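Labels run A, B, C and D following the written order; every chain starts at residue 1.
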Amino acid sequence: MADKAILFDATRCTACRGCQVACKQWNTNDEVIPQQQDGVKEVNTGSYENPADLSPQTWIKTTFREIERNGKVRFLFNRRSCMHCTDAACVKVCPNHSVYHNEDGAVSYDKDTCTGCGYCVACPFDVPRFTKNGLTGVFTKMDKCTLCTTPGLNRIAEGMEPACVKSCPTDALLFGDRDELVKLGRKRVDDLKVKGFTNAYFYGDKELGGLHVMYVLDEAPEVYGLPKDPKVPPAAIAWQDVIQPMGWAVGGLTLVGLGLNYIVAREAKITRELPGKKEE
Amino acid sequence: MAYQEVEKYSKPVRVLHWFNTASFLLLFITGLILFIPPLAIAAQDSWTRLIHRIAAVLLVAAPVIFALIYPGKAARALKEAFTWGSGDLDWLKAAPAYYFLADESAMPPQGHMNTGQKMWWFLTVVFGVVFVATGAVMWFARDTIAPTGFLWAIFTHDVAFIVTGAMLFVHLYLSVAHPLMRPLRTGSWSAMTRGTVSAEYARAHHARWFEEITAATHAQAAAANREKVLVGSHGGKTG
Amino acid sequence: MELTRRDFLKASGAGAGGVFLLGSLKPVKTEARTHISLPLKKKIGEKTTICPYDGTGCGFIVAAENGKVVNIEGDPDHPINQGAACIKGQTLRQLSADNPWRLKKVLYRRPGGADWEEKTWDWAIDEIAKRIKKTRDSAFVEKNSRGVTVNRTEAIAHLGGSALDDQECYLLTKMNRALGMLYIEHHARL
Amino acid sequence: MTNHWNDIANADCILAMGGNPAENHPASFRWIMAAKDKGAKLISVDPRFTRTSAKADIYAPMRSGTDIAFLNGMIKYVLDDIEKNPQNYNMTYITEYTNASYLINPDYKGPIELDGLFSGYAGGLNEADASKRNYNKATWQPQRDEKGIPKQDKTLKDPNCAFQLLKKHVARYTPEKVNAICGTPVDVFLEVCKTYAATGKPGKAGTIMYAMGTTQHTVGAQNIRAYGILQMLLANIGVTGGGINAMRGESNVQGSTDFALLYHILPGYLKMIEDSDHTLEKYLERITPKSTDPLSLNWWSNTPKYVVSLLKAWYGGAATKDNEFGFNYLPKNEVGKNYSHIALFEAMEKGVIKGLLVWGQNPAVGGPNSNQERSAMDKLDWMVVADMWQTETANFWKRPGVNPASIQTEVFLLPARSSYEKEGSVTNSGRWMQWRYKCADAPGEAEDDLFMMTAIVRKLKELYSKEGGPNAEAITRLTWDYGSGHPDVRAVAKEINGYDLTTGKLMDTFANLKADGTTTSGCWIFCASYVEPDKEPNAPIPGNRASLRDSTPDKFNVGLFPKWSWCWPVNRRIIYNRASVDLNGVPWDKEHPVIWWQDGKWVGDVPDGAQPPMAVDPKATKLPFIMKPDGTASLFGPGMAEGPLPEHYEPWESPIQNLVSKQQVNPAVRIWRPQEHGEPDRFPIAASTYRITEHWQSGQMTRNCPWLVQAMPEPFVEMSEELAAEKGIKNGEKVIVESARGQVRMVAVVTKRFKPFQMNGKIVHQVGLIWHWGYIGLSTGDSGNLLTPHVGDANTHIPEYKAFLVDVRKA
């Protein structure tokens, strides 16, 4: 099956933030409504960008940035959520393979087997968020966008767009086959360059083996708050590629060695010390 | 020759050992989930990670309490882990022949712990510190530390896990399964369960130590407290 | 050396080790998993509504089970929003009966009272009608100073209606004017 | 809206001014984007850089309250350009469809001659006496021939014609003057003019999208007039992608206005009865516009039919010819007396108003000068509030700093149903009447408003039948036949549409309404919305056109969706559409036609009058602006309170002196509390209030929703980095903003999007506050309306929320 992807066109986004809540609506996040006044403990830190960060209940949020160039102000909006990388650090590092690529190319996860170990903080985009057990204070589960492929809430399998994409009034978000969107995204960026946006950039085309959320930007990625050259951290590569096999190998070699030792040493002991006597 | 038993590990030491064994096994099993993905289903709702934390606290708390009650013993034990000599090198040279071919001839006389035991004990102390340090980062600094820091803490913790895990196999094997360690009552197993080893065993495998304690005994020349070190026949049990 | 079966079993440590070792050689890259197929936990509704917030008039589809809202999203057939929704439209579900801040009972605050008291509809309607009649009748002007029939009262005022339906607005005008009211305003100026 | 939301996609240029569609009508941006995709330009004119500005091709900063200077400057640019390049403009449209050619009363004098005033002012300059703050409009009228037809000069050369008077009037508004008043850089202003004037070419269209940023000023109505003049000169009215489009802030503020929940009208924009209307005849005589011009259709000449049909709908059998169809059952406004929002609260404070019925409104947060409005409620004997939530208004006696025991008002708080817990229709900004259904159950004992008002009326009918009372028949004989149990909303919808009493059938069109009492219609503009089932059999509710859900495109595929819901009047999607064609009925824009005269008939949208085009049949034809008595659009508007042409006056509270004339403030403006005037030396900073995407109006519908509270958790005041530096305020800190009316404590959002204005060499700072918060609900905070004044526009008395003076300091 062809990989699916989301194309975000920053030049079309008006920051209505429908996507931010569409995601909550569909995924039933924030279901408990506080009963007391001022029960939502959020504060405005001097920005439209609230809540300040992603959370287990906020899988996508709109970001706001202001820049000034040659006396002209620009108000830039961006989408922050899971990028569904092809070389996904979280998939790479997850000891239990609870985080995985599904057949649509999206990075989904199995909440039943997630132990909350937190290894997926390896994410170069800082996306996974964890719920704490209220009683013990121990992190229990990771949560993040699944491109609406969560089992039981899988819109893609039902032939629907992800909730955020459906919600977008200006079609700043598009959903479809990744190959098609790559072509479209490249074309849009080329058009932007012709229009004089010399720093225009198509983000996600090649980054981390290709993201499944791609960005048409009229400015450099850093201006939009995206890391210029995201990398899977070495420690994350080390995990599944080195540590886990090393664990199996060292453990295995040790047991093999001990087993061989037993056979050899037993023979030796019998022949050397107590010929003819069987042990116990 | 009559069986004579020599006390190798005092009761508090043994209690500490088994207490730590229990904590370590809990830590080992709950940690092993990360290496055996199908076990993850058992880790639902973070309870294995809670056990891991509780066991970690116990693992740290027990030696600390021990050291507070028996500062002398603790200091001696620590000193032992860091006291190495040329005899240890000889032991290492002789070890393959001994452990594979049951050829004891090249074995130099050993102290209270032989070199192998000392290595285990040394690594236990060192990796204990590593576990505690990296575990503390993972537990307490998760929200504050940079992800890279967290990841390297994980890395170190897990490398330590692999090394100590492998050593645990060796330790168990040598303690209870190696052909030379049989029958169990004579050697290490006995030392850690009942606290004593046979004098014969002590003389054979820990000659230096045996000499030390017997020399001390001679110096006190039939002193009334002889029983303290040399315990009389446990005939009923061993006879 | 010849291995007996017993020897082989005793060497099972080595066997297990081999399995372990094989495990370490397993390719790390996980295969893409196929979807776990579960029926949708939410239904997409059938009944349509129009957004109660601003005047764009976007269409929405409400899904309810046993009268309880489970999902509300944009109506893809609606020509204006074509399934899209802004942040407020997406929040429609939090206006439902599940929101504990919704009023559920008739409330009454007596003169000088420090808090609300729960009342019945019948009681409230009776009392409201009595108040309206008393206030209206005591401040009713049938003829003005020039003797022209004016049939009005300035003592009762009306506010609101933009959040109501057309039919309700119409009936409010009808009721207000029949009562002779003049101070009639709604959100148009605010 | 003259046009509708989908139609924005047809525009070649969109002027978003006094409105912020990206912020407050986000879904509408779908169609702005669609237009931009086809090459349209978006211009954002706003005191601050908004989410709309972020997507605009041109952003022009403009000090709040200086719209007329800006627009007059644009009009001047267009008029100058018409002289130089008439081929770029639709001169036929200007001369034939507007009153540009009308010769005006030679006694007319304008602000040039009278230093800011027009001829006919009752008072002197800066008149303080409220009774003299008005005009005698006699000299503003056109000259008429003996038949009563306006005298015209179609060459537009006569110095006394409206076109030339306008030209003379706006000549003062040079780009430099605009810059000095508005603070808009000259180059940016000229770019706006050039870009927007390009829509003057036949076949091109420009639309103006506005909202309360335009209207909530002392010159609010004149701001709209300026839009009208600009759009007429550019031939942008009646065409696809054109029009003057008010973006409505509530789902049914269009409907509640259409159904006349306003003091000055009856349903369908029929003027309210006044003291002077001794009889029905006199009333009809006064409110029915007349025209003797055979070319003028003068649709309002049908007024008597609509009035009588309304009375028949309300009083049924009790409305007879003998009792003037129940005319005297209805109240009469005192001539010249103002019953608008501010007046209402002033009367409440004086103790005139004893009882208040509140249906889903929250003036304790949304009203101007809310401190006054909150305390005025203390004087009430009783208050009835129907709402889904606890509101600040219902809880005015719990407001901070007040002892409830000292307030004797009784309050009844009735739990209401949400929009999807009941059935009925709403009318959107584009005049689409859309049906919605009961989809879910309401909480507890919540009931719909229909139930509440019906229960009250039934009870009142019972009381008045039993006990009698003054004008009791007005109540006892009022028709209220919507079933015996829960009222049937469809029966109400049918009554609104109206019946032919001779056949008992639902009316098909308001063209068939009669003034003889044989027809009914609760609101004539909605006649044809609910017809007999066989007339609209395919509607989900047969006959109910508001329920139509067929999104098949129209004939010309310009996004009219004629089978989706229903739109007043008579499903005409673009009003004044007869102006979209030339004299032969051929569209100016053949790619996006609204209507087209083909093979002897109109095709496309429902035409504004079915008569043939002017050149096709000069006798039978009618002028396109059928709702105007003369049939033409008013370049020169003699009906306005403060003058026939828009003139710049400063807001009531302004940081600078008027640079155009000595007349500082709109000479006809209504000022209620002169003592609460903030002086610039004490309050040097200009301020404006506005709404944000994440919240809605007075906040009950959003401040109780955690998703929205999380998205915008606290009220804030936005200010420039320069002002913040001057005051030592850091981003995110709490600040106190104070006006002559009160003070608020809010979070400071220090932003590059606000810039100080350079006004004629003086630096003027501006801040912006949001007002969605109050002291009741899940999230609480201060409302910006604690600062706004009780001063109203001269025509509509809309409060001046958008321009006042404050001072800011660190909290």
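What we mean here is this: contacts are C-beta pairs under 8 Å (C-beta built on N, C-alpha and C of every residue); 3 or more make two chains touch, one makes a residue touch a chain.
Small disclaimer: the values here were computed from a predicted structure and weren't measured.
Comparing chain C-alpha centroids with the centroid of the full set of protein C-alpha atoms picks out C as the closest. Each chain gets a centre from the mean of its Cα atoms; the one farthest from the centre of subunit B is D. When C-beta pairs in contact are tallied for every pair of chains, the largest tally goes to C-D.
Averaged Cα coordinates give subunit A a centre that lies 43 Å from the centre of subunit B.
Between the Cα centres of subunit C and subunit D there is a gap of 28 Å. Each chain gets one centre point, the mean of its Cα atoms, and the points for subunit A and subunit D are 48 Å apart. Distance between subunit A and subunit C, defined via averaged C-alpha coordinates, is recorded as 31 Å.
Among all residues of subunit A, those that touch two or more other chains are 16-18, 20-21, 24-25, 33, 97, 169, 244, 246-248, 251, 253-255, 258, 262, 266.
Multi-chain contact residues of subunit D (touching two or more other chains): 26-27, 30, 693-694, 705-708, 711, 777-778. The set of subunit B residues touching two or more other chains comprises 169, 173. Of all residues in subunit C, only 45, 47-60, 62, 64, 67-69, 72, 77-82, 84-92, 94-99, 101-114, 116, 121, 124-133, 135-137, 139-140, 142, 144, 146, 148-190 touch subunit D in the complex they form. Across the interface of their complex, subunit D is touched by residues 11-12, 14-18, 20-21, 24-25, 30, 33-34, 37-40, 42-48, 50-51, 58, 66-68, 73-77, 169-171 of subunit A. Contact residues on subunit C toward subunit A in their complex (touch as defined above): 1, 3, 7, 10-26, 28, 30, 32-42, 44, 71-74, 76, 81, 83-87, 89-91, 93-94, 98-101. Across the complex, subunit A meets subunit C through its residues 16-18, 20-22, 24-26, 28, 33, 35, 91-92, 97, 100-105, 108, 110, 149, 151-154, 157-158, 160, 163, 166-169, 240-241, 244-249, 251-260, 262-263, 266-267. Residues 22, 26-27, 29-30, 33, 49-55, 59, 692-694, 705-714, 716, 730-733, 747-753, 755, 777-780 of subunit D are the ones touching subunit A in the complex.
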